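Dropping a structure here in structure tokens format, bear with me for questions.
Per-chain residue numbering starts at 1, and chain names A, B and C are given in the order in which the chains are listed.
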Amino acid sequence: MDFIIILQAGVATGTVLLFATIGEIFSERAGVLNLGVEGMMLIGAMSAFSTTIATGNPWLGLLVAMFAAGLISQVHAFITITLHADQVVSGLALTFLGTGISLVLGEGLSKAGTVSLLPNLSIPLLSQIPLLGPIFFARQSILVYIGYLMIPLAWYYINRTRPGLHLRAVGEYPSAADALGINVFRMRYFYVFVGGMLAGLAGATISLAVAPGWFSELTTAGQGWIAIGLVIFAQWDPVRAAVGSYAFGALRRLILDIQGPLTLLGFDNPFYYNPYWGFFLQMLPYAFTVIVLVIGSREAIRKRLGAPAALGNPYIRGERGL
Amino acid sequence: MATSNQTTLPPVVTMSGIVKRFPGVLANDHVDFDLMRGEIHALLGENGAGKSTLMNVLAGLYRPDAGVIQVNGKTVNLSSPRDAIKAGIGMVHQHFMLVPSQTVTENVLLGLDEPRFLMRLSEYDDKIAELGKQYGLDVDPRAKVWQLSVGEQQRVELLKMLYRGAQVLIMDEPTAVLAPQEIDDLFETLRSMTAQGKSIIFISHKLNEVAAIADRITVLRRGKVTANGLPAKGVTTQELARQMVGREVVFRVEKKPAKPGEVVLDVRDVYAENDKGLPALRGLSLNVRAGEIVGVAGVAGNGQRELSQVICGLRNATQGEVALTGELVSNRPTLYGIQRGMAYVPEDRTHVGSSPNLSVTDNVIMKKYRKPPISHGGLLDMNEAGRFAKELKEAYDIIVPSVDTPVRLLSGGNLQRVILAREISGEPAFMVAVQPTRGLDVGAIEGVHRLLLVQREAGSGVLLISEELEELFSLSDRLYVIYEGRIMGEIQLGMEEPSDEIVEKIGLMMTGTPLDKIEKEAAA
Amino acid sequence: MTETTTPQTGPQAGSFRIKLEPRLQEPPRWYPVAVSLGAIFIALILGGIVIAFAGGDPFLSYAHIARASFGNLGVISDTLVKATPILMTALACSIAFRMKLWNIGAEGQFIMGAFGASAVVLAPLLSAETPAWIFIPVMMVAGMLAGALWGFIPGYLKAKFNVNEIISTLMLNYISISWMNFWIFGVWSEGGFQMSPRFPRTAWLPRLLDYAETFPILRGLTTHAGLLIGIAAAFVLWLLIYRSRWGYEIRLIGDNPSAARYAGIDISRNTILVMMVSGALAGLGGMSEITGVVHRLQTSPVAAGYGFTGIIVAWLAKLHPGVIVVVSVLFGALILAGREIQPSGVPKMIQGIILVCLIASDFLLRYRIRIIRAGSEE
């Protein structure tokens, strides 16, 4: 078992979580909790895969995935922002909706075979760096590199730009933003859309790069929920989100690979000789998510920081019409 | 429209025939209002008279149902705050519209088109500091808003509007959160701004302040204008009061002399932290005897909330203790105090004092459901509960179609009666009431005051925490003044209106001078 | 501001404006029912559009659902069999939701209930010769305990560390599936198949067909005693929520936790207890399914998504236990018929669309919509 290969694959797997987590950070920073990430990812994975089969163009698949997931996110936006419904219930409904629609429209896709995937590439000089080079910069999908770029860009956008300032204000104190002429409703719709697009991108990253194909609900296997957990662990910060995402990616990868070899660190591999123990390995990402949540929640209590202040609350201004 | 500083220029703002309706309420009924350049025009009225609604219309937050707004003689359509700001109108809301986690500069820049994308904050820090200097608004642009005092935050609000080139500044109850000395600073700033050509609308329900600062005064009562643009000079406060409430204001409530008995509540050297983990109470001691109303005066945010919570067991004291009729209740479950005769009328009626979607019946049994006759074993006798609710509805004049109605549909005054009925019906040994009349109309306020006095007559001790000095003067037998979590001093109040000397002392204590120091200086 | 208004006429204008107003009075009793039915109707239309888009015939699909679930006594019985687990998971969700605890883990608690009940037979805690009157109650208790444990974990984490229960319960769903698989595949596998051995007859819940000798009409009807257990649970839950001290506390916490704290109610303790009761109800559902229908531990019939359907049913029934009984039957029908519909994801999708429409329609209960002519004052 080669740990470099595991970590390398882990970075790719973690990219899925990275996109979904950063997407949810945008949505939550604007004050909208969207629990529909899992459903939006499935929509993204399904539409990316079916579009690529139909057209042979994975880039088009990627775009369609982002657009489709963004579109379905607007159902949640409409229900919570315009109709003031509970964000928790609506997000759950979105997961059901996204899962159901992707199952119906994805019917038969699982037998569709393989498609042309997005290219893998190595970065010339960087891939030569010992240890880090092969893990991060060699033969990775182009989406992984997009992920690297997204971390600082998202951080910079939120903390150092004018739209980012407005985004933070809308999530912290929407009536203050509104009083200064920022359109809270439009901003929230927009960032829910951004969150949806990134969830779609995360789904597409699975079906076009990390684990190509369509395996109905097993395509995402709860990663959308893990992403929501990571947002809390990350304290709504893209950089911390990246750390969590890659760590989880590596863990998922390790669990897949650890059952293969006959020996492990010089001992007989217990997971090889007792394959049923693998079920306990499968629990790990979910158990770790709970542990990470405990850590994140305790830290939030201790430092008295936490979610954007207006997270989860509909914004109702005076008595204006729709 | 004769004014004290009449000019040939047209009014900066003219509002005519403004109508604004909320469900069940006509908040503004054909209101006319105009503002001249360089004047301070006070908008006077009771809580709920429609002042804030009118100004929210001018600030673009509410759309009027009818009426015309002109700015510098031109008719404008203010359908969003952005439109209002463009027209040169800025509003400083009663609850500050500042994002606590952002810096002063970030708050000032919020919502502007410039900078386009990337923000180099340091460039703007200097600009904002300079603007502050011009108008005497001293505040550090790099500080995060949550670190600032209330007065400083108000300055940030003003800076925000001035930075946008506002010509008209609307101040909604700007003094409510300030100490007397801070109020003086604010008035000075406002005068320097009018001297530099700005016009100011000053919303208030405090007669003395309006008389002190305004050039002209418009009075609203129940959504209608009762006095339009009166010159402030030569108007007596009695006259204004009449316009405001429609009859002579009775400042005093009928009450019998107090017959204080045993100490029922003893707060001894209590320390506590606020929600942010910062010290809120720092060695606070006070006591309340049976049969007296003890007031706690102070500017908002000096630990009043935390004090009431520590007493009721909703917040832990880090040091010190609270005893109710000799028994320790602090740092014990809330239920412990309730079972020993503690009643609590919280500041927040809808979020703490009641459960909005539950019925009147469910709300009145909140502290009784554990015991017979309402509870038998683990089960509730809902017939008995309903009977009890109907009893209270009759006894306390709660106006509601049925006791099964959810309380969210009740008016503020009725809801407060539900809460008081519940608390008083438990025959408490002691009651703490926090801002019990905030947001109520005159009739409802009188009702609440009467109920508090009934409690006192019945021999229960009442701790009344309020920011309304008038209310405290008319109800309290004794008065403590709280400042930054400490008691600055204790004043015995007689049956008469307190003298100017006492009021001045209280004002000094509210701004942080302990009573013994005041008296020492007076003696010297 | 209690003054009444006199109507005034203002300047006339042609344009309209839609205005939303919070309701100040309670709507009549029929209104929420009508809104819910309307929402379901719209959901079915939307679902039909997606089915058509995926190449199916929506009219055929819906007609099929109706026929395949209520067409004759046999399928009605099958519908009730499907409704039983949904009824219990919906009850489980309803008590947690009542306290605004978003227990999405009924699925996992259901699985753990099935596992706990199975362990009595398979471990074995009781020998195969044990009479039914001992076997069944012991399995019920075991199932409820296992479910309660699975509810306790997120409840404790929520009360102690403020851990978001949505995510923790969801994660426990995945964990419970792996846990059950471990036992089925690794320990209790029957001859290498992915299922446990069949339970002895004494560990089966009685079914209608057991009485076919006396009443021939019951021949082949598989409705089992789990339905009665579920209905009894619904009644107990109604009593608990609306007529007991504890239920009052739960309703108060659910509506306004600050007021509950103010009334001296211990929220942490109730969080844990309610999650445990919720888990126990879902666990009871798992027990009933395993002893009434499957008669062995096997992954696919147990982890069939009943926990998720329960969420929708609880919500549709506005958390009222009596209404849950009725709605469960409708969803039992949908799931029963759905097995034969193509594409196979249709029932799941329709559930999703129904939930979305219901949540959206809630809006009509909270607000009135008024159309206002610009310039006019009425």
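FYI, a contact is a pair of C-beta atoms (placed from the backbone, for glycine too) under 8 Å apart; a residue touches a chain by one contact, two chains touch by 3 or more.
What you are looking at is a predicted structure, and each value in this text was computed from that prediction instead of being measured.
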Contact-richer chain pair (by C-beta pairs counted) among A-C and A-B: A-C
Distance-maximising chain from subunit C - centres being C-alpha averages: B
Inter-chain centre distance, subunit A versus subunit B - centres from mean C-alpha coordinates, in Å: 45
Mean-CA-position distance for subunit C and subunit A (Å): 28
Junction residues of subunit A - those touching two or more other chains: 319
Of all residues in subunit B, the ones touching two or more other chains: 23
Sites on subunit C at which at least two other chains make contact: 21, 372
Partner subunit A, residues of subunit B touching it in the complex: 22-23, 56, 59, 61-63, 80-83, 85, 91, 93, 96-102, 106-107, 109-112, 115-119, 160, 275-277
Interface residues, subunit C side, partner subunit B - complex: 1-3, 5, 8, 10-11, 21-22, 24-26, 239, 242-248, 251-252, 255-256, 258-266, 372, 375, 377
Subunit C-facing residues of subunit A, complex: 35, 39, 75, 78-79, 83-86, 88-90, 92-108, 216, 221-222, 225-226, 228-229, 232, 274, 276-277, 279-280, 282-283, 286-287, 289-290, 293-294, 297-298, 300-301, 319, 321-322
Subunit A residues touching subunit B - in the complex, by the definition given at the top: 160-163, 165-166, 168-169, 172-173, 175-183, 304, 309, 317-320
For the subunit C and subunit A complex, residues of the former touching the latter: 17-21, 50-51, 53-54, 102, 104, 157, 161-164, 166-168, 170-172, 174-175, 178-179, 181-182, 185-187, 308, 311-312, 315, 342-346, 348-353, 355-356, 359-360, 362-363, 366, 372
